[in-house]
Amino acid sequence: IRTGYPEVIYGEGKTAEQVTGIVKSMLKRESNVLITRTNRNVHDSIRSLDDRARFNPVAKTIALCRREITFSDGYVAIVAAGTSDLPVAEEAFETAQIMGSRVEMVMDVGVAGIHRLFAKMDVIRKAKVVIVVAGMEGALASVVGGLVDKPVIAVPTSVGYGTGFGGVAALLTMLNSCASGVTVVNIDNGFGAAYSASLINRISSENAHG
Amino acid sequence: IRTGYPEVIYGEGKTAEQVTGIVKSMLKRESNVLITRTNRNVHDSIRSLDDRARFNPVAKTIALCRREITFSDGYVAIVAAGTSDLPVAEEAFETAQIMGSRVEMVMDVGVAGIHRLFAKMDVIRKAKVVIVVAGMEGALASVVGGLVDKPVIAVPTSVGYGTGFGGVAALLTMLNSCASGVTVVNIDNGFGAAYSASLINRISSENAHG
Amino acid sequence: IRTGYPEVIYGEGKTAEQVTGIVKSMLKRESNVLITRTNRNVHDSIRSLDDRARFNPVAKTIALCRREITFSDGYVAIVAAGTSDLPVAEEAFETAQIMGSRVEMVMDVGVAGIHRLFAKMDVIRKAKVVIVVAGMEGALASVVGGLVDKPVIAVPTSVGYGTGFGGVAALLTMLNSCASGVTVVNIDNGFGAAYSASLINRISSENAHG
Amino acid sequence: IRTGYPEVIYGEGKTAEQVTGIVKSMLKRESNVLITRTNRNVHDSIRSLDDRARFNPVAKTIALCRREITFSDGYVAIVAAGTSDLPVAEEAFETAQIMGSRVEMVMDVGVAGIHRLFAKMDVIRKAKVVIVVAGMEGALASVVGGLVDKPVIAVPTSVGYGTGFGGVAALLTMLNSCASGVTVVNIDNGFGAAYSASLINRISSENAHG
Amino acid sequence: IRTGYPEVIYGEGKTAEQVTGIVKSMLKRESNVLITRTNRNVHDSIRSLDDRARFNPVAKTIALCRREITFSDGYVAIVAAGTSDLPVAEEAFETAQIMGSRVEMVMDVGVAGIHRLFAKMDVIRKAKVVIVVAGMEGALASVVGGLVDKPVIAVPTSVGYGTGFGGVAALLTMLNSCASGVTVVNIDNGFGAAYSASLINRISSENAHG
Amino acid sequence: IRTGYPEVIYGEGKTAEQVTGIVKSMLKRESNVLITRTNRNVHDSIRSLDDRARFNPVAKTIALCRREITFSDGYVAIVAAGTSDLPVAEEAFETAQIMGSRVEMVMDVGVAGIHRLFAKMDVIRKAKVVIVVAGMEGALASVVGGLVDKPVIAVPTSVGYGTGFGGVAALLTMLNSCASGVTVVNIDNGFGAAYSASLINRISSENAHG
Amino acid sequence: IRTGYPEVIYGEGKTAEQVTGIVKSMLKRESNVLITRTNRNVHDSIRSLDDRARFNPVAKTIALCRREITFSDGYVAIVAAGTSDLPVAEEAFETAQIMGSRVEMVMDVGVAGIHRLFAKMDVIRKAKVVIVVAGMEGALASVVGGLVDKPVIAVPTSVGYGTGFGGVAALLTMLNSCASGVTVVNIDNGFGAAYSASLINRISSENAHG
Amino acid sequence: IRTGYPEVIYGEGKTAEQVTGIVKSMLKRESNVLITRTNRNVHDSIRSLDDRARFNPVAKTIALCRREITFSDGYVAIVAAGTSDLPVAEEAFETAQIMGSRVEMVMDVGVAGIHRLFAKMDVIRKAKVVIVVAGMEGALASVVGGLVDKPVIAVPTSVGYGTGFGGVAALLTMLNSCASGVTVVNIDNGFGAAYSASLINRISSENAHG
């Protein structure tokens, strides 16, 4: 386990007992804990262990902060196309926070109404790294990628229907982006995007301070 | 055969003899003829039949105009993302022409440099119908679709590599476009897009005159 | 927002509260509102805001008409293969209506009993634009496309099983149609087909009047 | 080996030497031999063994008739959508012949011009069994299936491009046919369709004769 | 509607009211009716219309015989690999019956225990046409196809898991069968297989008698 | 590098110079070397290094034996469906040999003529482990798997066309085999199958002797 | 039925009555019985037949041992990447046991924390054969395959989301393993892996004793 | 165009004339130019424009440096699994260089021989960002991702055969990596990985200096 990083539990399909067991086994390390893809039921169990546990019902995450987080200077911009992408954007938000990254959220700026995106370009351009969350055709990643000169991490979401194929259409769009500087994570993987973004943001801080 | 429309031959895999044979059998009808996915070799054979035949080496089409084309008032805008998409855009151009549509070509306006697209929005917005030709991730269709209130016909091209899957990524992008008013044709089907666009453009003219 | 067009909300996965919130934020614009992929529960909330809201339980749409719709002269024909395709056809119907298009519905004319289709060709041929809705193998689009010289917009539906792959078989059929003049939208996207069809129908009217 | 049936060699990727070797090993059985997916080069070798060998350059087959074929009373109709489907239709023709089936060929009756199909329905309806050969979207199988009450065997061909996926679109169309009585074989498998059709045709003859 | 054939209703997703409505509209034609992919609830409604309706809970079919069925001389063999394939085999059975075909059922003869198949080859070989129903890898179709010289219609079933992909593995096996004389229908389409088989079986009878 | 095992070079896309370089770097270890997916050109280069190199033109392998191979007691049976599968079977043969396994080859026993397989069951049953090589639908693996109680390693080959999808159909058949005791390797991977088979055969010998 | 082997019932979709019926029909053979993919309900029925039946709720198996199992000398190592893979690992465990193989379980050694794997390499290396169970990207199979010189049987699991495609990503990883000596079974097929592993382990024992 | 960044031309399918034309149009901007997926023929044309052009025949790139590159302090580690992955690794190398990143190359460290990777972990761990290039099953990305706490950018390559599906297997592995901090680019996209890596590396330098 790397110092200063949270321990992360992938909660999908794990019972409250199993998750509690894993968290207990981590108690001695005093590190912060993030549980993703979990539910309120698991949260109740964790809270009886440690009442600092906090559930985010949109993100479906539990954050348990046992040591204070030192935040980096720069920030991560999380840019989401539509309100349906919010759960993934929130998972990214929770992950970035517990990794020590400050975050700016820019919501509802899908390319069908591109003026809404342009209205927010300032806050996006000043980020150290940009996460783009989009479902359906996922074109937002290419447009943002063309407008900023910072690394862009694209998260396809499973929002859509028919030939959206549960996020595959957005994934392919992002992998084939004609804009340079875009890398991609698994469908709905807000966690993974924010984890990488925070590693990048941290490099920036480390160098500034170190 | 509908009056005033060209007869169209799909040239793929047909020998010069076969194509010439088909053209001969059409001679009596005096209609215009368009041959797609063909080559200069076939062109040479057709020319010895009728020297009005004209080969477009980029589009890989032969146009044989035996009766004068009456052009519609409005025009079709053909918008292409990159120079690699040119063959498909040219096939669309040849088809629209022989169908009686005036055309405006807008090239090299991929979303990675979106200012180039904005510089051309005027000519695009004034069209009766817009054809968007794009490979790789095909995001241009969504962006254009969001900016115009005319029907947009999107043509995915096989330009790209890896997960572009020979045009499938662009196709899925276009089918899942978050912008309304976008319909889609087969990969590299510049012909089909221009055929439909010309039917639309013609409705507009017919009503204006009729 | 373009004048005279409805505002459209994609209702999938949005709670009554979320949809109501979005509708409220649109109140000042006095435009008509269409909500797709929604349910009666959402309808009840919207009605308490504005009792002109009308729910179509087959289409799963809510139409809220605040300003009178001016209908175009020409009409859109919506042609559906089987009764199982009705929900998609109805979504197209609701969309075309609120976009100001008159509509003629032609139901249950799948190609397995092609005489039923021929009995209706008159009303189909007189439309400005034809929407074809079909699941299973979707062959209806090709047959209709071959019989009319108007633009055809094909909507594959998820009706079928096994190798129908939730509408993919019908989609591929339509994209590969040997009839010219057919463009395609996403699986079950009655809304998108009718939106494009209405843009086309409107061009026709504008020119007639303008 | 069943009495009265030809021996069949799948020629793909086999050298003239290999095919000649296999034919030699069959000499003692005096049965007729059909070689599919072969070429003129192989034909030359086989002819030096037995000069009754006959090459069909469109079908890419060699037929070697050593014993007279007794033809059935009924016939198989082979119906093909376009001229590009001819090689597959010819492979079916050669196979049906050597299996003892009389054949009626009906070419170039794709659904884009459905009147051409109707002009030929008489000869199709009188067949004992119908083979439909079609590429692109393969809709012909459904239309024919709806018009005849005989078994229809559909052969998807690899004719097409883009989302035709080398015959997969036509295959899916045929497997999902809304017309009853349609069964399907592998892409471009004219041989297989005609083999099954001839088994069916033979049943009919056998019973007629007792 | 062809004389002497049942009318068939595809029951999937239709309510009791809808199915009853369709059946009522057929009453005047006095033909037999088969409803597939239905349930006991629909059966109860149909029975109150006509108490000759009979539900097969394994096949999920309702058969309503209003005129006596004249059975053909020959029979169709329905050969199924495992007990999980029974619902599809029963759908085929019900369809063949109402089409006027006598049937022999041969169950539980998957290729993992090939001696069980050999023990039943006699009854299989004497059929006019053989239906093979198999899921998982579907190899039974090839083995049976190699052992009989009658047409074989293969039905892939969705039985299996993982890379069975809901019947796709079995489908591909059957389409690629190295045995000649095998044609294929959609996954789980016991109805379609038996419909075609009965058309074949009927040809045989017609000739014998006619 | 494990003692007694050959060093293996995957020759695909490597120039004669590159392969020779790798072989030279292995000279000091005096181990045997197997090069797969190579050609005669590479062979000529290797021979000038060490004239014990031996090229198998069907397998496309080079075997360079510098130390004598100690053969195991038991043998591996390599069972192939058709002559087109020979290259893959030969790659397996070469690999098994240099791994120290005795081999029995059983060719041309596809399930379409199952009596040919039964005629060879004796030699197959006495093997310690059986490799089944088959393309098209790959049903041979299931049939053999049901007849022997030894581990079966199935190798799908890319032999076939259309829905064979370059070996995918055979692969799926093998992965879904209803016979127990079948494991699978990559398409055309005769090397991998024989490598695993030899590890198994060796366990058997080791125990017998040790 | 091979002597000394259990009889295996695939329980998926079978009712308690059906499974009990099959077990009863096996009673006379006095062999051991393994039921996979079953549930506690079925277990209750089987227990009333024979109270030696034992249900494993994680593996979802019932083992019914009527004759004592003679265990082999060597053992099978079952190595699983994460706790979510446990059900598949347990199915493998139950199968290996009833086949007479001793087993060592090595859990929670995914490649993200490779030191945990290295800590267990001793017990893995001493096995006669190794089963690797992993979902998500399934990289564990390649790493283990590179570290041991025993046959490795890889089981992809459906653990994961998005582009995990229900186990397909892990399956492809395993089929393309750059380590030699890895063979693969169907997704989640712990049974099949352990069946093959036990056949291999048994060879080893037989030779040692025989 | 962002200051200090090279202009990049995607050379695939462009003639020497087309590329030279594009380069000429950039002359006024005096920026550096990188041409990817090009050939020696194009190089010759570019050289006659500006003899500072340099061709890398393995990477298939042309670098034209008109202004001196200022290199960052930190470096990018490019880690490749096998020699077949070299072209992609070299494309990444050329891109990183012209973007101003120092690079350390670590070759031939595939997971089948994991000790070779461990011998190089020092130089990998000290990088600011790590690019992992791997084909076949691509497991290297997960293993490296688990060992470093820097951002990892994974590039799947098309090296492999059969179920490698031209890089898709490696892509899926990388997208589903169980190690955190891994993002992915398109198959064979060495350019894109290095572009993103250099943006990250530059952030680090900027902060250190600024």
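As written, the chains take the letters A, B, C, D, E, F, G and H, and residue 1 is the first residue of each chain.
Methods note: contacts are C-beta pairs under 8 Å (C-beta built on N, C-alpha and C of every residue); 3 or more make two chains touch, one makes a residue touch a chain.
Given the structure is predicted, the values throughout are model-derived calculations rather than measurements.
Trainee: So which of D-E, E-F or E-G is the twin of B-C, meaning more than half of its contact pairs are the same residue numbers?
Mentor: Most of the contact pairs in B-C are shared with D-E.
Trainee: Looking at CA centres, what chain is most distant from chain F?
Mentor: Chain C.
Trainee: How many angstrom lie between the centres of chain F and chain H, each centre taken as the mean Cα position?
Mentor: Distance between chain centres: 36 Å.
Trainee: Taking each chain's centre as the mean position of its Cα atoms, how many Å separate chain C from chain H?
Mentor: Chain centroid spacing, chain C to chain H, equals 47 Å.
Trainee: Going through chain C residue by residue, note those that touch at least 2 other chains and give them in order.
Mentor: 162-164, 168, 171, 175-176, 180, 186
Trainee: With touch defined as at the top, which chains are paired up in contact here?
Mentor: A-B, A-C, A-G, A-H, B-C, B-D, B-H, C-D, C-E, D-E, D-F, E-F, E-G, F-G, F-H, G-H
Trainee: Write out the stretch or stretches of chain E touching chain F in their complex.
Mentor: 81-82, 110-114, 136-139, 142-143, 145-147, 160, 162-165, 168-170, 172-180
Trainee: What residues on chain H touch chain A, complex-wise?
Mentor: Touching chain A from chain H are residues 2, 5, 8, 74, 128-129, 149-151, 153, 171, 175-176, 180-186, 191-193, 195-196, 199-200, 203-208, 210.
Trainee: What part of chain H is in contact with chain F in the complex they form?
Mentor: Those in contact with chain F are residues 83-84, 159, 161-164.
Trainee: So in the complex, the part of chain A that touches chain G is made up of which residues?
Mentor: Spelled out, the residues of chain A in touch with chain G are 10, 12-14, 18, 156, 158, 166-168, 171, 186-189.
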